Amino acid sequence: MVQTSPSGVRAGASTPEHDPPQQTPARISIRSVSKVFATKTQRTEALRDINLEVSAGETVSLIGRSGCGKSTLLRIMAGLLPPTEGNVLVSGQPLWNGTAVESGVLAQLGVVFQEPHLFPWFDIRDNIALPLKLRGVGKAERRRRATELAELVGLGDFLTSYPRELSGGMRQRVAIARALSRDPELLLMDEPFGALDALTREKMNLELQRITLATRATVVFVTHDIAEAVFIGDRVVQLTPRPGRIQSTVEVGLERPRPLDVQATEAFGTTVRALRHALEDEEQS
Amino acid sequence: MVQTSPSGVRAGASTPEHDPPQQTPARISIRSVSKVFATKTQRTEALRDINLEVSAGETVSLIGRSGCGKSTLLRIMAGLLPPTEGNVLVSGQPLWNGTAVESGVLAQLGVVFQEPHLFPWFDIRDNIALPLKLRGVGKAERRRRATELAELVGLGDFLTSYPRELSGGMRQRVAIARALSRDPELLLMDEPFGALDALTREKMNLELQRITLATRATVVFVTHDIAEAVFIGDRVVQLTPRPGRIQSTVEVGLERPRPLDVQATEAFGTTVRALRHALEDEEQS
Amino acid sequence: GTGSQAGGAGGAGGEGGSLGEVTYISFLPFETLSFAAEMLAMSAGHDAAHGIELGVEVARGTSPSLQAMIAGAGLVARCNTVDLAAARGQGQDVVNIGTIARGPAQRINFSRDRPITSAQDMVGMTIGIPSEGGSTENNLRLTLENAGVDSEQVNLQVVTDNPASWEMIQRGQIDGYISSPDQSFLLLDMQDSADAIVLGDLSPVISDRQYFVTTQQHLEEKPDQLRAFLASLQDAVTFMVDDADRTKTLEALRQENSFASLDNDSVARSALDVQVQNFVNDEEPDPLVTDEEIWLASIEELVETGRIEPVDAPESWMSNDLLGT
Amino acid sequence: MSSTRLGRLLPWIGAPLLIVVLCTVWEITVRALDVSILILPPPSLIAERLGELVQDPEIWRHAGITASEIIVGFLLAVVLGVLVGVLLGKVAWLEMTVRPIIVLLQVVPKVAFVPLFVIWFGFGMSSKVIIAAMLAFFPIMLNVLLGVKSIDPGHRDVMTALNAGRMQRFTNLDFRSVMPYLLAGMETGIVFAVIGAIVGEYLGGNEGLGYMVVRTLNQLDAPGLFGVVVLLAVLGLVLYGAVFILKRFLIPWHESVYSQQGTVA
Amino acid sequence: MSSTRLGRLLPWIGAPLLIVVLCTVWEITVRALDVSILILPPPSLIAERLGELVQDPEIWRHAGITASEIIVGFLLAVVLGVLVGVLLGKVAWLEMTVRPIIVLLQVVPKVAFVPLFVIWFGFGMSSKVIIAAMLAFFPIMLNVLLGVKSIDPGHRDVMTALNAGRMQRFTNLDFRSVMPYLLAGMETGIVFAVIGAIVGEYLGGNEGLGYMVVRTLNQLDAPGLFGVVVLLAVLGLVLYGAVFILKRFLIPWHESVYSQQGTVA
């Protein structure tokens, strides 16, 4: 595994036990997390010794080959899957206590899963409003907010439709609206725009940027689109597959908010190409 | 709705009832197909008066905004959803007989759905080999072929895993391998590479091109990636949403097989940009 | 006709030879001394002596046993006057071909704390009966009415034919319950404070009798088997009556059977005594032979008390023709 | 199938039609073979007797009692079935420990415990309610258990990520997800509650249609018996129908309900 | 939960332990309250009587008969339940027509039809097999029906697109998809088959453990009664256990089986 160091890339995997001396404690910090899936026929080392710090308000993009452990890492961060080793600190508090999760640590979480996971018994509006319902927000307010969000993701006409009546991309958008509905401080998104066409995707990218900057949300964003990763992220973290390790971390030296045409700039292109090469290098090694 | 006509774009929606006089009958031809979904709360006109001819060996890419009816059209072509009006002819034979499908017409079909729809009770090898099993291919031969295909999609190590043990992208690759397993003459693919990372995606694009050229398969390929649509297709058909209509058809004037670096050529870039503009125009109209 | 024409009857032997299998349908599990005569006929070989092989099928209750017999699942069943009358009332051509019990045998068990010595005692009491609408209820009500008590003043409650009924007496949930002689003697044997009285001691009821019954069709088709059945039963009854201290009867019965009331010497003897008393009755003819006058009186009693509709020619419902003398 | 109109009418036409056909065949067979009315009375005779029965207010009292026993027992079974099913579905070790005991309670012949029931609950309705509840409980509980275990792990994840409380999780996910299973369990359950109440009435007491069955049986009143049986069947059908119709209101989103038009396959 | 080892041992430890505890409580209560042995004999006495019972070859004959009735009836119910369930699940109009008739058959008291059973099947095992099958059929059929309707439409589409034949579709999709539902139905079904066989034996005949129950009951032999009841319970448990274990072989892929480790939630 060659440690590529293109412009702005700092080696991640080589400094496993170093806590970078920071003033503010990291919003979320992953400490030596490993995950092994063992079934009868298969033993998969999905993650090995992952260390990552995300500070408040920062957006980190996570890229890597299919099956390299991106979703697994996100699930561990969301308190859904216990790590085999290591732990996740949220605002300095350990999230995992053995295989049990310290609920409350994750109070302000928004997750977009790789699959939409909508509830077939709720219509679109109620699906979007679910997090608010759980928070005890009143019905009228819930509906108002859900309608607003549905319009944001371009589904204003489908408020009372049921999930089975939507197309794949529409479902994904409902899931995004749901995750955004309670203004999460911490947003974990697993290929949220994967099923969207180019235009919708761009629009959603801009919206996401606007919202997260406004709410100063911390975001971990999984994508398989390198350009998207660069556009969205303050940093881009690249995982290598089996075992999943951090191969490199690229700082995107571009101010946020970024307009869409930042993608035409030289700096953007360079970063994308660097990542692209890192990915190809990994392939050959 | 502005009829855009960039280089090589010929108006599709404006000539609904014209059967272009062709020598060989089209492998698949869509005749005035409309589809309306009516539920208690919603009446969605998913497709209106779609006409499209795909000749044998041709690959047609289908693009359009999320929810514009791409999957619906594919499902109608696959014999899964009866059209409200119109019909589909496969090698000249009508596919739909009212709401019943003339099975047999679709004998040599391979479908990749937008979701993988793997069978949880089969392991990866058996999932891939299912079409062969249905064809009565012997067990040894089935396994050999499935192993081959699993390696093709990069899952050689996961032959005996179960679907729930795979990542999203891996599942999608299994679904692709399954569709390819019986060398279909007609291949309908709904965003097959949507959940794959850039590199895997490119590799799969090349493989798909190789296989379809070798088998002279006819392909209809839905994607939301314009570059991919151009790379894969002999033609790119663009749908507008609600009601779904063919807005434009772009002939990609590039020889197949195409190497990956065709994407750097001027012709490729022009076509992509043309389509991109068409999409944006539609947005504004 | 002869036995040889009987369909389904095992070996066709003709006169004196084998008449094959005869199926008797009992209305209770067979393991009770109420069926001592049938049981003895089998275990002492009286059936074989008359060229038949007696077999038993067990139904639960009189009605199912009659239904099974009518349907041809068996040749003979046993029932009370009121059951036979009810079946006739439904247009069934069932016929009494022999009287096997000539009086009430069922007993009311009670606790010495709240003794029942007369019908009047039972006014306001709750009495457990095994099932309602059948001959037991009918006979109890008749008994009460014949003693001048309005049967509506006695509360009848269905209880399972079950040891726990005694417990209910002790808990005051019921004041007494009707059971067969076997069970009553068993109870008395087990529980010091238990006592019992025979229904017939409360007041006489003519119609509380039991008969072997068959259908007209069986009569026509298989008279030889029926004759042989009755003959073997007569033999068994005679054997029991003659066996004054019941020792030989017990010995014979125990060769092939084992159940609580039979295994307990004193209980078994008491229960057999009751049976024997019921087989013979000083004023009546030989065992099994039906006295036509009493028969008519029985029917009359049921008609008079409104239990059945008036009937024509009840004498045609009985026959002594199959009985050897 | 083709027309929705016909489809909607079918349950109201098809079944009654079939019943009429069956009854006709029955009537003809019985008369042709000259079957004894004690064994199988012809429908005409049963209908006649039924006509008399329904004019007797007494029979309605009995029917009312039986209906109450069934309903109370059934509701008890639903409540317990859901509680136990959810509990066992969530707590694996409890399931392993308690399941055999529940099976045991089920297979044990109730008749052995009737005296206990009677002693504990008296002659009245309670003991029948208990038996009805016991029989109905098992299928309901097992289906709820299957339902709880079949909850989509993805949906669970959503709720966990949303930090949903136990109760919230129950009302928004578990309850709704289990609903189709519960309703299938209830369909079995109501039928077994009917059986249970009738069996209970055979075993003791002097009220209810089950008691009427025994009574008419003992009186060798076969047409009356079948008349009561018809009443019981109607009662059972009505109660079953109620549960069946519940589905349309409770799980309109489920495949088994919304796809009544029939699929192409 | 925490350790898989303990988790695997639990069914073999937990339930027996609980039974021992229950029996102890029972023994102590019965002795303390001086309950009559006629009504609820103490476990020690039952155990003693049971010891005698199991040495009697006769009881094994009865048990064998009952077991055969249950098994045959159950298998019949499974076959019919699957056939009817699949058929009704696929053909909507048939479901609407036939379902009420099936419910009717279920709620109708079996006692009314005993004479018919006897005529058609005799006093022997057949009539008990029929009753066992009738009771077991319903939950199995309904669960299969639910299962057929719950087949993932996406999976159906895959099979349709692959042009699968009716039989191929059945073996590769329907059958496997319905399996968890079928097995849950079978779990209920085997229990009701046990109940059915016993009820059948109450209603007629002179063989089987159900008959032994009636017999011991009539003989005021409470410890014997409970001894037979224990045998019946064990028989029921063993049969249920067999069905339960089937799951591990037939649906290892299903959530209810592979997730025995327990989830975090």
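Note that the chains are named A, B, C, D and E in the order they appear, and that numbering of residues resets to 1 at the start of each chain.
Criterion: a contact is a pair of C-beta atoms (placed from the backbone, for glycine too) under 8 Å apart; a residue touches a chain by one contact, two chains touch by 3 or more.
Owing to the predicted nature of the structure, the values given are computational and were not obtained by experimental measurement.
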Shortest path length from chain A to chain B (each step joins two touching chains): 1
Pair of chains whose C-beta contact count is the highest in the structure: D-E
Taking each chain's C-alpha mean as its centre, the one farthest from chain A: C
Rounded Å distance between chain B and chain E, as computed from the means of their C-alpha atoms: 50
Centre distance in Å when chain A and chain C are each reduced to the mean of their C-alpha atoms: 86
Chain centre separation (chain C, chain E; CA means) in Å: 38
Overlap residues in chain A, where contacts from two or more other chains coincide: 80, 101, 115, 162
Multi-partner residues of chain E (each touching 2 or more other chains): 39, 115, 119, 160, 202, 214, 217, 225, 254, 264
Touching two or more other chains - residues of chain C: 64, 67, 71, 160, 162-164, 167
Interfacial residue positions of chain E with respect to chain D in the complex: 1, 7, 10-11, 14-15, 17-19, 22, 39-40, 92-93, 96-101, 103-104, 106-109, 111-112, 115-116, 119, 135, 138-139, 142-143, 145-146, 149-151, 153, 156, 159-160, 169, 180-181, 184, 187-188, 191-192, 194-195, 198-199, 202, 210, 213-214, 217, 225-226, 229, 232-233, 235-237, 240-241, 244, 254-256, 259-265
For the chain A and chain D complex, residues of the former touching the latter: 75, 78-80, 101, 103-104, 106-107, 109-111, 113, 115, 117, 119-121, 130-131, 133-134, 162, 164
Residues on chain E engaged by chain B in the complex (per definition of touch): 152, 154-155, 157-158, 160-165, 168, 172-173, 176-177, 179, 251, 253-254
Chain C to chain E touching residues, read off their complex: 28-32, 56-60, 64, 67-68, 71-73, 160-164, 166-167, 170, 183, 186-187, 190, 259-261
List of chain A residues in touch with chain B within their complex: 37, 39, 41-42, 44, 63-67, 70-72, 114-115, 123, 154, 157-158, 160-162, 165-170, 173, 190-191, 194-201, 224-226, 242, 276, 279-280, 283
